[in-house]
Each structure stands twice: as structure tokens, then as C-alpha cells.
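Shared between the two complexes below is chain A, which has chain B as its partner in the first and chain C in the second.
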Partner chain A sequence: MALQAKNLEVTYRTAGGRSVPALTDINLEIADREFVTIIGPSGCGKSTLLKCFGGLLSPSSGEVTVNGQPVTEPDPNRAAFVFQDYTLLPWKNVLDNAAVGLHFAGRSKAECRTRGQEMLELVGLEEFAKQYPRELSGGMQQRVAVARAMAMDPGILLMDEPFGALDEQTRQKLGSEMGRILTETERSVVMVTHSLDEAVFWADRIIVLSARPGRIAKEIEVKAPRPRSLSFIGTDEFAMIRAELFRLLEVPSAMAEASR
Partner chain B sequence: MTALLEVVQAQPAGKNVRRRRPSQSAHRWVLLGVVIALLVIWEILSRLEWVNPMFVSRPTDIFAAIPDVLGDEKAVDALTTTGTSIWWAIVYAVIIGIVGGYLLGSVQLLRDAFYGPVNFIIGIPKSIFIPIFLLVFGINTQTAIYYGAFSGIFYVMINVVGGLDLVEERHMMVARAYSASWWYRVRDIVLPASTPGVFAGIWYGIKNGLQGVLIFELFISVGGLGSLIKTYTNRLEIDRVFVVVLGVAVISIVLGEIWSAIERRLSRWRPSSTANADTGA
Partner chain C sequence: MSATSTQGVTGTARRIKANLVRLAALIALFAVWGYAQGPGGASTLIVPKIADVFDEFLLFLESSEVYDALRVTLTEVVISLVIAALSAFVVAFWAARTDLRAKVVEPLLVWGYLVPHVLFYPIIILWLGVGMSSKIAYAASSAFFPIAFNCLRAFRGVDPKYVSVGRAYGASRRQMDWQIKFRASVPMAAAGLRIGCALTLVTVLVAEMLSATNGLGYLLKFYSQSFNTARSYAIILLILLVVGIFHILISKLLPKNMEGQA
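Right, the complex of A and B next:
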């Protein structure tokens, strides 16, 4: 499912009535089954861009289309979100959380149960179907959030710093596991991240946004085939791209030059 | 492999058996001991006439009066009257309070207009409204129900509003991201998220509804336990007064325990699934 952003601009209005541009001049095309990571300085509009892709936020100008159809409101069958802080509903058990999107779509209880169970098996949590989120670790909760998104069978998965709240070790293990699952399920993924390693490890293509107002400063292609094993982190390609990202994000003149 | 590594923090369903700590049972025996000791001291002071037994009956006299009160037809009638009044006062307080609380909490205009007055009413003694209730509804048991409901409604409302403030924006965003309709948002997000406030509100509704009915019966002789207390007091049958007071305390404790059990059952998802309302029971 191809996603396209044309001349996208988002401007916020402050309580005092001042206009603050968050994103400007975003032109981007994401191909079917492509894995794109978005990285940039804090406050550059990464999450805002993701919300526009998913229809959670209307751009001030420009448009987002999926297969030529304009995105005006959320549609989890088209693009499903995975949020940073899991956002599982604490009063629903793991199975009901995994199937909550189907439940909201008015599907039957039996279908929700069957599909929810399948998705929990996919993320390796079938044994925990009847437990509540508070009884799971952060990594497990995030996998339930991934199961919830996958249950909708979306064409595009929109992940907003999905591993940001996890410790480094869990992040790496879960990242590797999720990388395999997402590659096997063959869908387009757009993932916002703060982590240079994550940005390189996961992506077919990395979009680097400049500081606010966010604009695309650079696009970097990662040629190594997916799914990648953790040994990819030790390769020259990984090191070179990581160094390039580091330079863009940490050296203001490099970012300014790339943005021109 | 990842699943196995993370499983350490969780246990499969059904293995979460809660065991009673040994100190818990010891704690109960200590409490019982304290109560018995207080009763013994009370009895001794009364027998030594350090307190006047005419105004403060001895515990032994009070226990001896229990069969008399239970055999008194008037007492049984009063218990039935008060029980029925309390039940309806609680039902009205809880239903009106919850509906009113949700309206107040979700419509900003209503909140701006009425949140202050509701807080004001909570802050003043409700008994000053008894004459108005008498004027409007007359001297009868139905008025006790209305006054009991009035005593509880505002506490329910204010707690429900507090519960609505617990609804988290991130959960509402999930609902939007997954295209939940208005009805699903209310049923699956707003109602469950606000349950801590609603549960606390229901408990305050029970407590204040009960108090309201009894206070009304004490002030106005419309029958019921409140009036019975007044009758026994006028006759200086203080042992019987204490029996009725004991009965009211038992009703209050039983209601509190029933509600705590219901709340525990409905709150299993919360980090601490023990009753959070201040049941005071």
C-alpha cells in the first residue's frame, strides 16, 4: 500500500494566537512493504507527521494519500498505530486489548476472540490472554500493542517510538523479534525513533527531519536485506550510516547543509 | 526466546493466589481484645458508678436488652421502615448522582455553572434544609427518603466528576486511532476509566443516604429507628437506645462490606484491587 505526502505543512496556533510552524514542505512517498524510519531532533515534528499519515491530525495544507485516496480521518484497516507508551486499556485483559480495534469495528465476539488469539500467538503471548496489562512487563505490553495493530490487518503500520519506554536490553531483543514479525507479515511500516541504532537497524530507508519547522533534510537508503540479525550492527554499512546520522543530528552545520 | 525472558515478571492466569499473612489474623485478635477490654472497663466504671448507669447503660444491660428490643413489635416495624427508606434513599442518590455527575463532568457549561454550588452544598450541614423538605413534601416517611437521597446525591456527583477527570487523553487517542464510535468511547473508555470515582461516589451515597434518613427520623417523628431512639431516650430506656444504635452500626458495616466486595470484584484490573473507597467499615 503506497503512502504519499504532497506539500505537507502543519502549523499550530498557540493559546496566545501565535502561529507556530511544525512541519513544512514535506514531500514523501512510501512504497508497498517498505520499512521507513523517521529520525530528527526533539520537537522537529516526527510524531506530528505520523499523526498526519494516520489521519489523527489534519495538515494545515497539502495532503496525504494512500493508494491515491486522501487520508482525512483514522482508518485502522488502512493504517494502524502503535504508540510509545503502549496505551493498553488497563481494564481489559490482554486478549480483549489485542482485539479492541475489531471490537470497535463492531465485529462479533467470536471473531474478536479468534483473531485476538492468533495475534497473541504471533507475538508469543498466547499464554497471557486472560491477564491484565499491569501483570505484564513493558516489553510484553508493547507486543500486545503490536498485536492490537496487526489484528486490523492494516496496509501500513505507524509506530511512534514503540520501544522508547523500554530499557536497552529489552529494546534490542524485542526489536529483533518485531523486525522478524513485521518482515514476515509483509506490510509497509513507518517508525518514528530517537535511536540512531534503531533507525538504521530496521529501515529500508531513513528520513532525517531538520529542527522545527521539520522538513526532510536527507533520505538515506539501507541496502542490507531484511530481516536483519543483530550481527548487522557490527557491519561497515551500519557503522557508516550511523556515523552519517550522528553527524546530521549532532552537528548543526551538517544539518543546515543537508536541508539546503 | 524473548517471550521466555520476559515471562519472569508475570505468572500465567490462575496462579495469582492471595495468601493471608500470619500477622493479619493476629491483628484481628488484638482488635477483638481491645474491644473486650473497653467493654470491661465500661462495665467496671458503671458498676462503681463513676458514670451514671441511668444515662450510660452497662454493657451487660445492653446485651440483656437485645431480646427485648427484637421482641418489640414497634422496633421491628421501625427497622423495616428505616431499612426501606435507606434503600430507596440510596437508590435515588446513586442514580441521580451518577447521571448528574456524568452530565456535570462532560458538559463544560454545566460544570462551570453548577460545580461551585454543588461544592457549596457539600460544605454546609444538610440538616438546615429539613424545614424546607417538610414544607414541600410534608411529614411522612417518603420525605425521609427524599432527604436521605438529597444528603447523598452531591457526594456521588462530585466523585463522579472526579472520576471523569481520570479519563486519560492517551486512551481517548487510542479510541480515535481505532475509529471507535461515540458509544464505544463511552462504554469502553470513559465508563471504565472513571470507575474509581464512581465507586467512591456510590460509597459516599450509601453512607450519607443512611445518615440522612436517620437524622430526618431523629428530628421528625415519622417512624423508623431514628424516632425509636427518640422514644426510648424520652423513657430513659438507654440500654434499648444502645441496642438500636448497635443495630444501625451493624447495618452500616454490612452495607460497607457488601459494597467493598462488589468493588473488589469490579476492580480486578486496577494495580491495587482492594477497595479504594473510604468505606470506614
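Right, the complex of A and C next:
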């Protein structure tokens, strides 16, 4: 499913009545089945951009369209979110959490159960269906959140630092598992991250945002075919792109030059 | 799995230890009581003999008087609690719908919570008489405010991340109200209900002691004023038992805190 952002601009109003630009001049197109990572300094509006893509936030001006249809409201069938802090509903068990979108859409109990169970199998948590989120580790909760998104069979998956709250080992393990799932499902994925490695490893294309107000400083294509094995991390392409990202994010003048 | 089971064992050991300490404290209390009564030489008007209190207690349990009083007191508590909880819930739900309503209602609830409701009890007696209805009105009005206040805070303070999940996954307005906002506010609303439960019991007993024709509070006042100290102690013992059972019921029936995802 192709997503398009045209002249997107988001301005926040502070408590004092001042308006602060968060994102400006965002023009972007994401192709069907493309995996795009968004990276940038903290506070640059990465998450804001993702919310605009999913219809959780209306831009101050400009518009987001999916297959030509303007996005005004969230629609989990079109684009489903995986939030940074998982946000499973603590009063529902794992199975009901995975099927919550279907439940809201008014599907039958039996359908919710079957589809939820399928999705839990996909992320390897079928044995935890009756457990509650608080009984699961962070990595497992995030897998449930992925199952919840996949249950909607969305055209686009919007992931906001999905591995951000996890420790390094869990991240890597979960990362390689998710890689299999995300690649097999063949849908567009937009993933916000602050990890250089993640940004390069996953992406067909990396969008680098500049500091506030966020604008697209650079787009970098990663040519290596997906799915990639971990050995991709040892290649020259990976090292070069990672070094480029590092320069953009850590050296202010490089970013300024790129955004000009 | 092995980690949880060892944790379970140490948890049980700790619980047993805590219960032993509690038992020791209880024995110490009876020791002090026994000493004051015997070698201490305290008057039986002030501290009755332990054996007398238990005799009275057993005798008491055989009389119809006590079951009558118990029935009256419990009826008052339950009815006032139901009235307070339902009205508090409706008011809080209504007030939580808009910012303006919440802003107007919340300070009123705080104020109603802080005012000593016993001030109005004489007037309630004038309106409703000394029967059960005055106790119910008094207890319900006392319990209403903390329950309503907590419910309002709970409905207003729903974590926005749950609202985001609801929106992102297509919850309708109704589903958002009941399945996200209401459900997320249950732990805090339940905390208010817990306070309300304790308050109704206290206020009903106090009201019965102030002016009534029946009930455990009434009996306690009656026997203490006729210098039947042993029987007064026996009633206190019974009330403590009732309070204990009541609180166990509350903690079993009210939903546990489901928070804490980590």
C-alpha cells in the first residue's frame, strides 16, 4: 500500500500560547512493501510524523494519503500501530489483547479467538494466551503488541521505537524474530528508531530528520536485499551507511549542510 | 519457573512469621489485660474479667436480641452503601464528561468529604425519625463524597496511552467510554469504594450510638450506660468480628489493582 505525505506541517501550541513548529515541509512517499526507518535527534518529531501517518494526529497543514485516500482518522486495517511502551490493556488477557482491534470492529467471539490465537502463534506466544500482560516480560509484551497489529491485517505497519524499551539482548533476539515476521508478511513498514544499527539493518530506505522543527535532511537507500541475515552487519555497505548516519546525527554542521 | 516457586516459599515463610508476630501481640494484650484485672487490681467496672467477657459473649450469641441488632446494623450498612455507590458513580460519570462540570463538581466533592457529616445528624433525625432510615441517610451521605471524588478522579485521569490504543484500534465512542476509560479507572474507583465501605460501617455504628432504637451501636451504648461492662466488651468483640469479616469480604469482592505492566 502506498503512503504519501504532501507538504506536511505540524505546529504545537504551548501553554503560553506560543506556536512551536514540530514538523515542517515533509514530502514523502512510501511504496508498497517498502520498509522505511525514520531516525533523527530526540525531539525532532519522529513520533509525531508516525502519528500523522496513522491518523492519530491531524497535521496543521498538508495531507497524508494512502492509495490516494486522505487519512483523517485512525483505521487499523489501513495502518496499525505498535507503540513504544507496548500499552497492552492490563485488564485483558494476552489473547484478548491480540484480538482487541477485531473486538472493537464487532467481529464474533469465535473469530476473535481463532484469529488472535493464530497471531499469537505467529509471534510464538500461543501458550501464554490466558496470561495477563503483567505476567509477561517486556519483550513478550512487545510481541503481543505486534500480534495485535498483525491481527488487523493492515496494509502498513507503523512502529514507534518498538524495541526502544528493551535491553540490548532482548532487542537483538526479538529483532531477528520480528525480521522473519515482518518480511514474510509483505507489507509496508514504517519504523521510528533512535538506534543507528536498527535504522540501517531493517531499511530499504532511511529517512533522516533534522532537529526541531523536523524536516527531511536526507534519504538513504540500503541496497542489500531483504531479508538480511545478521552477517549484513559486517558488510561494507552497512558500515558506510552507519558512519554516514553517525556523522549526520552527531555532527551539527553535517546535518545543517544536508538539510540545506 | 523455579524462580517463582522459590519466591513463593520465601513469601509463605514471611507470611507465617508475620502471623506469629501478630499472635504474640495478641497474647501480650491479653497478658496486660489479665495483669490489670488480677494483680493490678483494676475495678471490674473499668476492666472486666476476661472469662466474664467470654461468658457474656457466648450467652449473648444465644440471645435473639443480638441477631436482631446485627440484622438491623447490617441492613443499614448495605443499603446505605448501595445508595452511596450508585449515586456517586452516576454523579462522577456525569461530571467527568466535560471539563467545566469536572471543574465545578470536584471542589464540591472535596468540601463534602471534609465536612463532618455528624453535624447534620440531628436534622436528619428530625426529618426521618430515629429508625433505620435516618442511619441510612446519614451513612449514605458520608460515604457518597469519597466514592464520588475517587470515581471522578479515576474517570478524569485515565492514562492517555490507553485512549491512544482505543483510537488506533478503532474503538467507537461507546467502546472508548466503557471498554477503555471505564475499565482503566476501575482500580482507583475501587479504592474509593473501599473507603466508602469503611465509612458506612463507622457512621452507622456512631449514628446508632447517638440515637436509635436498635442495632449493635445502640446495644453497646445501652449496656455501657447501665454499667454492664463485661457485656459492653462482649459487644465490642462482636463488632470487631463483624468489621473483620466485612473487610475480608470487601478485599475479596472488589477488583484487584491490575496495573503494573513491567
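Heads up, the rule we're going with is that the second predicted complex is superposed on the first by the 260 of 260 C-alpha atoms of A that agree within 3 Å, B and C clash if a C-alpha of one lies under 4 Å from a C-alpha of the other, contacts with A are read in each partner's own complex, and residues count from 1 in each chain.
Keep in mind that, in the parts below, a residue touches a chain if its C-beta (ideal position, glycine included) is under 8 Å from a C-beta of that chain, and two chains touch if they have at least 3 such contacts.
Note that this is a predicted model, so its numbers are computed, not measured.
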Is the arrangement of chain B and chain C around the shared chain A a clash or a fit after superposition?
-> clash
Counting only touches as set out at the top, which of chain B and chain C does A:Phe163 meet: first, second, both, neither?
-> neither
Which superposed partner A:Leu174 touches (first chain B, second chain C, both, neither) | first
Does the superposition put A:Trp91 against chain B (first), chain C (second), both, or neither?
-> both
For A:Phe238, decide between first (touching chain B), second (touching chain C), both and neither.
-> neither
Have a look at where A:Glu127 lands relative to chain B and chain C in the superposition and call it first, second, both or neither.
-> first
Max touched-residue count on chain A (chain B vs chain C) belongs to chain B
Between chain B (first) and chain C (second), which, if any, makes contact with A:Phe35: first, second, both or neither?
-> neither
Could you say whether A:Trp202 touches chain B, chain C, both of them, or neither, answering first, second, both or neither?
-> neither
Taking the two structures together, which residues of chain A meet both chain B and chain C?
-> 54, 56, 74-76, 80-81, 83, 85, 87, 89-91, 100-101, 104-105, 132-134, 148, 152
If you look only at chain A, which of its residues touch chain C in the complex?
-> 54, 56, 74-76, 80-81, 83, 85-91, 100-101, 104-105, 132-134, 138, 141, 148, 152
Chain A partner, complex, touching residues on chain B are 1-3, 5-14, 16, 170-171, 173-181, 184, 188-189, 192-193, 195, 268-271
What residues on chain A touch chain B, complex-wise?
-> 54, 56, 73-76, 80-81, 83, 85, 87, 89-93, 100-101, 103-105, 124-125, 127-137, 139-140, 148, 152, 170, 173-174, 176-177
Residues of chain C touching chain A in the complex = 161-162, 164-172, 175, 179-180, 183-184, 186, 258-262
